[in-house]
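Below are the structure tokens for one structure; questions will follow.
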Amino acid sequence: MKLWEKDFNPNSEIEDFTVGEDYLLDQKLIKYDVMVNLAHAKMLGKIGILKVEEVDKILKVLDEIKSLDEKGEFKISKQQEDVHTAIEEFLIEKLGDLGKKIHTARSRNDQVMTDILLYCKDELKQSNQTINQLITLLKAFCKEHTGIPMPGYTHMQKAMPYSVDKWMGAFIEMLNDDLNAIDFAQTAIDKCPLGSAAGYGVPENTIKLDIKMTSDLLGFAKPFDNPLYVQNSRGKYEQIVLFALNQAMMTMNKLATDLLLFTTSEFNFFSLPDELCTGSSIMPQKKNYDVLELVKGKTKLVQAKMNEISLLSSNLPSGYNRDMQLAKEPLIQGIDISKSVLKIMILSIKNLKPNKTSLEKAMTSELYATEKALKLVKKGMPFREAYKAVSKDLK
Amino acid sequence: MKLWEKDFNPNSEIEDFTVGEDYLLDQKLIKYDVMVNLAHAKMLGKIGILKVEEVDKILKVLDEIKSLDEKGEFKISKQQEDVHTAIEEFLIEKLGDLGKKIHTARSRNDQVMTDILLYCKDELKQSNQTINQLITLLKAFCKEHTGIPMPGYTHMQKAMPYSVDKWMGAFIEMLNDDLNAIDFAQTAIDKCPLGSAAGYGVPENTIKLDIKMTSDLLGFAKPFDNPLYVQNSRGKYEQIVLFALNQAMMTMNKLATDLLLFTTSEFNFFSLPDELCTGSSIMPQKKNYDVLELVKGKTKLVQAKMNEISLLSSNLPSGYNRDMQLAKEPLIQGIDISKSVLKIMILSIKNLKPNKTSLEKAMTSELYATEKALKLVKKGMPFREAYKAVSKDLK
Amino acid sequence: MKLWEKDFNPNSEIEDFTVGEDYLLDQKLIKYDVMVNLAHAKMLGKIGILKVEEVDKILKVLDEIKSLDEKGEFKISKQQEDVHTAIEEFLIEKLGDLGKKIHTARSRNDQVMTDILLYCKDELKQSNQTINQLITLLKAFCKEHTGIPMPGYTHMQKAMPYSVDKWMGAFIEMLNDDLNAIDFAQTAIDKCPLGSAAGYGVPENTIKLDIKMTSDLLGFAKPFDNPLYVQNSRGKYEQIVLFALNQAMMTMNKLATDLLLFTTSEFNFFSLPDELCTGSSIMPQKKNYDVLELVKGKTKLVQAKMNEISLLSSNLPSGYNRDMQLAKEPLIQGIDISKSVLKIMILSIKNLKPNKTSLEKAMTSELYATEKALKLVKKGMPFREAYKAVSKDLK
Amino acid sequence: MKLWEKDFNPNSEIEDFTVGEDYLLDQKLIKYDVMVNLAHAKMLGKIGILKVEEVDKILKVLDEIKSLDEKGEFKISKQQEDVHTAIEEFLIEKLGDLGKKIHTARSRNDQVMTDILLYCKDELKQSNQTINQLITLLKAFCKEHTGIPMPGYTHMQKAMPYSVDKWMGAFIEMLNDDLNAIDFAQTAIDKCPLGSAAGYGVPENTIKLDIKMTSDLLGFAKPFDNPLYVQNSRGKYEQIVLFALNQAMMTMNKLATDLLLFTTSEFNFFSLPDELCTGSSIMPQKKNYDVLELVKGKTKLVQAKMNEISLLSSNLPSGYNRDMQLAKEPLIQGIDISKSVLKIMILSIKNLKPNKTSLEKAMTSELYATEKALKLVKKGMPFREAYKAVSKDLK
């Protein structure tokens, strides 16, 4: 069945091309689409389109779908195209004509956007928690290794004395800022699309929806004001979510880059235990930090998914454009990748060991040149003179 | 003079390559670097590195620079490399040895970042005002043209009835959301880098800086906590600023895309007066909406500048990396472009006229198909049946 | 089994993170890895590492794998990580100690790159054929519709008279150029990596490989000269392939953009039959050109995959970096998407119908303004004067 | 004067916005626009639109412009918008009515594209020479330092023995391949746009142009076949040019990344003399390799400029779109940056010194593990067993 079935059969090649992997991606959205159906049914009950007992029957079947989904047993077929069709079909199968009423005054356009925003809100919440977990861990790391000296670098050259805990402390402050970006995203996308239908609402001379009610039931801050904006937000909202997650990814990119440099045998400042490393198929001696290389690479993928959505949304007129359906995959991938990166960094940091001996040996004298100059300043020499004096001395 | 002058002359080709256009871009930063010098001098006074009268002398010269800059007469030479050197040289020229003290306990690394953040905060504030101005204008446009009908489109095909004011209303709600992104950016970058020196602070056994004082003097919410984070924020902070401005750019991209479609002779829904349009060098009849095409294109440039910075910041270790100096140009360009786009859209909207006759003629019957189906629903027919009934009728 | 198995078990979370979806993507490479094993075994035979009968035994088992793969029955398990391990394991299972010899003097690093290049060469060849098929079709379209008039547009406004066949003719010339890009890519990546081992070849004082022989057996133009370049080419070669395919994608993007504009009810220049279009779940009247919107969107995905690889390859030192393993997915996706876009455009063009009546009606008088001016020129008026004369007349 | 001047004055804000920096960028194109005017005038002479003596007069004035430009004295004013207007105005000023004839049967659309392609062809030729110069230098470097040992790395960990000349040899082979990309670009864009006018040619019932003649005069391989393709190639051709140059940039990115790692005090494999390095404004001891960091960063800019053009060209219909004018700046910048990167690398390589002592010390025993395993293989042990044996030994 197609929700837009007419009296001709769509070409099967076209069907393959247009449906794509959507039916697979939508497995992630079943949970949210059930919530949306539930809120919509209750609302249709309140405004008199459905009778109380009809609403009850629908809720019961939706509950059944929810249970099936939790057991991984609710499957969307390719022919069904998407989660919305799969659920509507299930309702019709179980409830006959009553099932055919559920799509009253809504479109897949507003449904899918509501599903996606509920999903994103959930994921942002979880990422917030994971980042907080990582921060706690980094704090413990700093506490455990307080005062172990470590050179500070600029231009990849030794610059000034620093310490292991201060170096890692920078990442704690970074992650705290990254949480603010996630907070922003959570607020920015907290609007309920349901009721905007295809993007132009429902003619008021037919049915008057209670969009405040569905918004409240679904836990949104408020409904979208202008139905057209729901469709015009596509691409923008997805980018906001990935932008927020990408902040923490940039932090992880730098941490992984640092660690890859600092675990070379030449630096030898840190190490991970063997079981977190991998080997080579040809070189018997190898202990590789693949995990850090992949963290580095995967953070770039999140950036790439965000760029992908921005390329898709470019130069599109108002209203729904099918191009934007293609944003679902990079959105979900970006979220999944950022989650896995954060989790693997938690594991890595738990096992990260500073090599105190190497770090101490690395604290060579040139790191103290600025200190020397400033001591001359304290004795009254203008800084620029002190700088030159120390500089000459080093030759 | 180079602030890092040693006893050899740097190669002139290298000098050209490394300085690049920085000395020109830095003209925009003079105003802010003066503020930074001023705060730094006062603080050095407070902690006893400079005497009261020394501070006064420095402030007087800084004031002179400020006046020169306001008249466009303070020029940074290529040989000076950057604004920091130009100002320090001017101080030395006027104050001799006293001028050589100003760079005590600071680096160009923290200076430039402070300049840039002050500049960004200013620009974000101005953008906020310009967007608010545009919103006011759009509201007036909606009021003036309330109730003029206009087809709503999905997939570029006629979908449902809408109206000129509701169509434009979507952009008002979008811009209001875009303002939230700017608010976020303003808060996110509101940290003072001064005192972080090269990225590792100043050895505490030499001089104890009062970074709270400089932060307050410069109007920041607070100083950075970890000096290394100042350098690690490079690339991130610039992206946050452009991301925020790009939100409004995406809105403008859609508005320009709509208008270019709706001003074709085939749609003919809107027009701009001749003096806002351009002609052709070969075709005598042409009236082109170049302004809208360039708005569309320029919004893409802001996105491109953001991507440019993200490419630059990829896979860099902690601490200052000279690569990031190259982020200054796309940052400034991105800000300037977004400003010009908003301003030209204000002018365009002021002059935009809906063509009522064409709009009314465009309200063809198929736009009311959903309404017909929903009226059948109100009479009790399940929606899916009503949909099929209307669909058959249309054949 | 891991090919780099030591006496500890890798952490299972790390295993999940590092293997990712590689074992699934590698299903596409089985065919090529069998070819690589085959060539390598023959070469080891020739240089005396394997005996003739050993080579024969190995070839027989490889043939078995090939047959299994053709029936879709050779599956790589997650635990095996990749195709190379799966095949080596199968050989060991069937041949015992002999199987353990196959990895002599090679690394997964050179193996995977050889697999990928063989795969890319195959795909480029197929794309070349598909584009040629499309060109033939477009030529037939032009022939069938020769001389139907059509306005030419600049700035989205009517500019000068053109015709349906000349408009489509532009796409034929574009695609012919796109074929040159594919030719370039085919030549550019035609180098055999096998024998470069981990990126530093095989110590010459141990085993002397015949890399010319394996290169010839696999149908490459020549082997890589410098083993390190094999690894340094990662990211570059993938981008070259996607760049070439993306040329045709840009052409398809423009064609789809044109068609979406020209199939609006306002232009109404072309149409596709109902069975190639889709409908709406709420609006009974809709006939949407989703297929063209998705073509437009999917061409952007190919660009995005190319950018993804460029982000991954940024700022990486010489030699194998695990980050680059992540390039496999965007490469395969980019190739698959471009293939599906070309195929669906073939179907669409086959069914595309110009609407002669609308096109003729669209040939309004302003399209002939330049012609008028040029006729004045022929009578001796300077062009700039003629332009002004016609321009005034149009008022 | 505007070439499209009508009887109203364009709004000055619009003028600023639409002209932008074009009049400055066009200074680079004067030389090529003179060539285009020259070829066009000769052709108009041949087909009888201009008389022999008229052509001669025009050629004389064009020669004057050429001389002025060579002395840097031909300036385009903002009001003139672009090089085409500046030259046409100069001709009218000098020749009166005759000057007004030069724009017969051409548009700025075909003119600018011809200018740009001539410019690109020139630049590609120069880049080819510069890359060849760099290759020669690298070969000399390899010869001079043949046989100095150097560890080969994978995953940033020591892998197998290599040597300085073999390491650098990889870059020679890479650059040789990069030259092929430049060759491809040179051929790909070698089509003459002149005569395509606004994108739809010149009505055949007015004037019959000899586009083969202008193409030959300008040194192109052939004219574009379909006038519309000239406009549809915009964005594509620019990307082809930058893609080709970016190949060498990727090579330079890797070389700079290597050198930055290998010049850290921890590796200490190579060094550049002081005069190619820079210092710090606060740390007296610093010797920084800014030049390499900026090479690394600037190569990313070339990539970014290419992406910028791809964002601009997305989803645009056939025919001239003003958006594409914005591609001129990133194109010119991308070309200029790539040129400067290649030149500075020539200087750097000329001065690069391997530190033999450090390199020899770095050849630690684990680098020879694979060699040991392969020696066991030669004695008959299956490779997988030999691998395990050596691996155990290393513990």
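Per-chain residue numbering starts at 1, and chain names A, B, C and D are given in the order in which the chains are listed.
The definition used in the following text is that contacts are C-beta pairs under 8 Å (C-beta built on N, C-alpha and C of every residue); 3 or more make two chains touch, one makes a residue touch a chain.
All values reported here derive from a predicted model rather than from experimental measurement.
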Most distant chain from chain D, judged by the mean position of its C-alpha atoms: A
From the C-alpha centre of chain A to that of chain D, how far is it in Å? 37
Taking the mean of the CA coordinates per chain, how far is chain C from chain D in Å? 24
Please compute the C-alpha centroid of chain B, do the same for chain D, then give the distance between them in whole Å. 28
Can you list the residues of chain A that touch 2 or more other chains? 5-6, 103, 109, 154-156, 159-160, 197-198, 261, 280, 282-283, 286, 288, 290, 293, 296, 300, 303, 307, 310-311, 314-316, 321-322, 370, 388, 391
If you connect every pair of chains that touch, what shape comes out? Choose line, ring, star, complete or other. complete
What residues of chain B sit close enough to touch chain A in their complex? 5-7, 49, 92, 97-98, 100-105, 109, 152-156, 159-162, 166-167, 169-174, 177, 180-181, 184, 187-188, 197-200, 202-203, 205-207, 224-226, 228-229, 231-233, 235-236, 240, 243, 247, 250-251, 253-254, 257-258, 261, 296, 300, 303, 307, 310, 313-322, 368, 370-371, 374-375, 377-378, 382-385, 388, 391-392
Residues of chain A touching chain C in their complex? 2-6, 8-11, 13-14, 17-18, 20, 84, 103, 106-109, 197-198, 274-283, 286, 288, 290-291, 293-294, 296-298, 300-301, 303-304, 307-308, 311-312, 314, 321-326, 330, 340, 343-344, 347
Residues of chain D that touch chain A when the two form their complex: 154-160, 260-261, 263-267, 280, 282-290, 293, 310-311, 314-316, 362, 364, 366, 369-370, 372-373, 387-388, 390-391, 394
